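Consider the two complexes below, in which chain A is the common component and chain B and chain C are the respective partners.
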Partner chain A sequence: MKRFLSSMIDGRGFDIGLVSLPLAFLLTLSGLPLLYNIVMSFQEVDMFSLGSFWRPFVGLKNYRDLFAQPETWPILANTATFVIASIAGQFLVGFGLALFFWTNFPGASWLRGLFLVSWVMPGLVVGAIWNWILSGDFGVLNFILRETGLIGGNIFWRSDPDFSLWAVIIANIWLGTSFNMILLSVGLSAIPRDLYEASELDGANVWQRFWTITLPMMRASIGAIIALGLIFTLQQFDLFAAITSGGPNNASNVTQYWAWDLSFRQYDFAKGATISVIMIVFVMIASVVYVRSTRHEVRG
Partner chain B sequence: MAIRGSAILGALALAGVSLFGLSAKADDVTISVWSLDRDIQPAPNLIADFNKLSTGIKVEYRQIQFDDVVSEAMRAYSTGQAPDIIAIDNPEHALFSSRGAFLDLTDMIAKSTVVKTANYFPGPLASTMWDGKNYGLPKATNTIALYYNKDMFKAKGLDPDKPPQTWDELVDAARKLTDPAANVYGLAFSAKANEEGTFQFLPWAQMAGGGYEHINSDGAVKALDIWKTIITEKLASPDTLTRGQWDSTGTFNSGNAAMAISGPWELDRMVNEAKFDWGVALLPVPEVGAERSSAMGDFNWAIFSNTQHPAEAFKVLEYFASQDDRMFKDFGQLPARSDIAIPETGVPLKDAALKVFIEQLKFAKPRGPHPEWPKISKAIQDAIQAALTGQMTSKEALDQAAEKIKAVLG
Partner chain C sequence: MTAQIELTNVNKYYGAYHALKDIELSIRKGSFTALVGPSGCGKSTLLRSLAGLESISSGTLKIAGEVMNAVPPRKRDVAMVFQSYALYPHMTVEENLTYSLRIKGVAKAERKKAANEVAAVTGLTHLLGRYPRELSGGQRQRVAMSRAIIRHPKAFLFDEPLSNLDAALRVHMRKEIRALHDRLGATSVYVTHDQVEAMTMADHVVILRDGIIEQQGSPLELYDRPANKFVAGFIGSPAMNFLPAIGGQDGQSIILDLGVKQTIAINRAVRPGQALSIGLRPEHIELAAPDQGALSAPVALVESTGATCFLTMATTPELSVVFNGRSGARAGDRVGLNFASGSIHLFDAATERRVPG
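What follows is the complex of A and B.
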């Protein structure tokens, strides 16, 4: 008993106590809903059985039905395009900006802070603003492109099936760039300056320094930012709701918006849950990448 | 022992007090009402007035958000915490009544001296019915018609007193009125991939003899072809596909569209914003003499079947119905009643428009009623968008929709 008490105050028991609190928190607030979601994807759910847990078990029927729908594969493809293009755009622009501000010209840190404004704005507000910018008849973007002679006629960003997904991607890149830039800036400032001095003495040019010092030293940051980017883009919902509503004809529909549409517009909760389960698998992969890429930071 | 004794006494005393308290309030039956009306809209005001009457029934009000109405109601009902009365969007009424979640009011209405089904417009009334029985009462109603800019009609040599009567005339007029140089489209409407798209398209299909049960009939295909003509010839903005009715009509108000299809909810804004002479006409029909139709919107009242006080709840509904003549005067909404005349507002443009809307209401048809309406509606929206983006022909798109709807109807 005494040993137990002393271990509770200072020892293994104390550690377990500390760990178990957040663990219990995670399990009840994230783990259970996740499990419930998975269970729901194997059940027949309608609005009147929403309140109960014991619903008819239908095995893989929801999954089979889902993949029998003609829109499923196009929507999955859209999601892949959206995720890859958004992450690539956010990362490249963000990295470019981070390198730019790294040169530390006067006012650099001040300007870098300002860039965060896009990150703190609520998604629906951002969506509403981009909605105007991308509007076909009177949008600012079309005006600029027309005046600069890049396009002859208006592009209907939101309503043309060839452009609507890209309209959301543009807005999402704008939204996520600053977050990428800040995280990458932190990574850049952690690289010891003497490495560059040494390589400069050895005669390495800017290009060589970037490829042999900056990039390898940034590996952990880049892994983390891409994994986080994957999670954030898979969660991106507001922009779709505000700009295209997944239209026209599902041309800009992605799984996260579709899951919501099925559950709360068509009241097909089981299918909504099924899509969510498919998404969970991808987010899990991203999480593993994230945890692995940040692991040595924790140890160091 | 003494302590325990007094504790028991205390508990008994407490129980006595609370029992007494309960019995004193037991005369007042409490009825809970959920709706999405804000403080300037009907429900909270009618309830406040009702509570002043001290009828022995006390009504409690809770406002819910538009997006939450169905999911909140479902959750509440399946966990036994549903309110007594709810205001539900009319296409979702059958979802609840078909499953026995709403109370069958047929007998109570038959005995009622206040509520008479004959007084209601047929469309709104039909949306409250399931299997020939009454499961609610229409709360208010609305429909859509054709707004047109009389000044632009004059400028393009069209007769401002002869708005288009048929689809061909509509397309013709739209061609004449479209003026890309001046940023003017002939027509503004909504083909958005949500309920609004269905709301706008279904009347066209119905006028041509189609309907949701036979959405791929020749008439419906022709209707979608007309829409396709309007979009591909750029007689309406391509953004029609992603823009709701409110935003579309905004372009009419700002003079960027010569005609617009929308409902009476636009009137107040239009009176304020539109700097031109405008009028409202009945929705054009396929050909002269064809059957008329229009969309039917707004909410219905219903009583949940697990209410403890059905008689009292119905009394509350009777009170709401008895106040229908205030619907327009005090709250600007159209009562679903054919026996109530809409009073003049003193704004000539608005009064003329209201007359047309009341006329149009006679032909308004409900969406469904069907318990799986959202899925039927989704099939129709997908078809509209597939055709208008040129990915399918109207016939192919509607055939596919018919297939999906058949699977839902079983």
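What follows is the complex of A and C.
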């Protein structure tokens, strides 16, 4: 007992104690629900069996049923479009802004700080604001596009099946850009200045310096931000709830919104769980990419 | 004797701060020039101005006869070895070496050949496939130099390249850089704060202080005839002793006051009563028996490295003496000190300039 106490005070026992606390927290509040969710995707679940854990095991039936539904593939395709377009938009705009602020003009760091405002705002509020901007009749986006002559008539962003998904993508790009910018700014500032001086003396112009120094030195940051972007966009729920609710007719529905809809509006918990499992697989892949890219940091 | 680099009336301002003041400098083709001075003297600024990494505020800068004032660094055809080496961490040694060729669009096979040739000269052949992080400090230093050599530039610029190495390696690399310079017939400009490096490596030493060239010339010229007290104190190790003195009544002698007044005949014209500072190099003072020297002083400290002996005298100001061999003297002993009057440097105490003659 004494030995145990002394190891708690200044030995390995203290370290184990420190680690076990967050581990226990993670296991009970993330690990168990995750496992429960996976188990549920192999069971038959209805309102009456919701209270018990021992429900009929149905094998892959939920998965087969899910893919037999006509809306499944379009929704998966929507998810892919949403993820790719959001990440591409957030990354490109974020990288552009990071490079812009990197030139360090007077007030650069102050302005960069202001950009974080978008990141601080709750998704539902952002959605509400974009609802106004995207509004078909009096929205400011339509006004600008119309006045610059880019479009002839108003686009009904939220109710036109061709545009509703893009309405959410535009809002999501706005929401995620500042996070991309901050992370990429950190990556940029970690590149030593003298590398640029050396390459400049070696004859490289601005464009060549970007491709041969900046991009390769940013590999780890870029890998991390894209993996995190994948996780964040697969989490993006508020904007769908606020802007389109997945409609019209699933035109802007994505897996994360659909899973919630199936489980908590249609009470088809098994299918909701099944979708979540499919998403977990993608997030796992992203996590591996993220962990690997942060491990391979290149530093002189 | 053509000048490879020529600076005429060059000034550099950072806002109100005057970093380089009326720099006049001509660097002969094939010479090894050292820019030396204490930190903040402007030597790095001067070197970076040659490279184009800093722009000069006024004056003209010519490289190989062409005015370079507004030419960007990549078109100046000069190579620089950085203090931090600035190796590209994401490239192998070979890719580091051939980076400039790749930018120029040289074919891959040719690049490889050039890398092999340079690596053979600098002893990097077995390291070509490694990354900079896998190299030791000395090896990185060699990669940085090879990267400069492969370009056959109009001039090599070195920015304190040895300051990150340990003492033994520094001495070794000093010789290696000088040997490479001779073999390539290159024009080199070398910035250092270490006067020993400057003295041993360079043909031409430029001493800077506060953005002004205090003196330039061959290393021995600077050692033998320092133009002012600053140069005299900067060149030589251990540093020169300075003692206050007054010009004698006959204009041919000085009166030295080290507790007791002593008159020393000297072959130079001084004004009677002129306040002087006399400079005596520690290696030009000889020990004698206590009653036989020109001066006599108690010993404060004896330091011996075996081959060389350093003595510090208990005088005000402190006087240091260095000689080869060993001494039986101990702290507290009184010893006599002798020096030839020809080895005395005379400076005006007010202007700090050398008294001519």
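Observations on the structure shown:
We take it that the second predicted complex is superposed on the first by the 274 of 300 C-alpha atoms of A that agree within 3 Å, B and C clash if a C-alpha of one lies under 4 Å from a C-alpha of the other, contacts with A are read in each partner's own complex, and residues count from 1 in each chain.
We take it that contacts are C-beta pairs under 8 Å (C-beta built on N, C-alpha and C of every residue); 3 or more make two chains touch, one makes a residue touch a chain.
Bear in mind the structure is a predicted one, so any value in this text is a computation, not a measurement.
Applying the stated contact rule after C-alpha superposition, one finds that A:S199 touches chain C and leaves chain B untouched.
Judged by the touch definition given at the top, the superposed model places A:V283 against neither chain B nor chain C.
Contacts of A:S135 after superposition: chain B is touched, whereas chain C is not reached. In the superposition on chain A, no contact is made by A:I231 with either chain B or chain C.
Touch criterion not met for A:V93: it reaches neither chain B nor chain C. Put simply, more of the residues of chain A are touched by B, taking chain B and chain C as the two choices. In the superposition on chain A, A:M47 contacts chain B only, with no contact to chain C. When the two complexes are superposed on chain A, none of the residues of chain A touches both chain B and chain C.
Only residues 47-52, 71, 135-137, 156, 158-161, 164, 243-251, 264-268 of chain A touch chain B when the two sit together in their complex. Put simply, chain A touches chain C in their complex at residues 192, 194-195, 197-205, 208, 212-213, 216-217, 219, 298-300. Contact residues of chain B toward chain A in the complex are 67, 70-71, 74-75, 77-79, 95, 99, 101, 183, 192-194, 237-242, 251, 256, 374-375, 378, 382, 385-386, 388-389, 391.
Residues 51-53, 72-76, 78-80, 82, 84, 86-90, 99-100, 102-104, 132-133, 147, 151 of chain C are the ones that touch chain A when the two sit in their complex.
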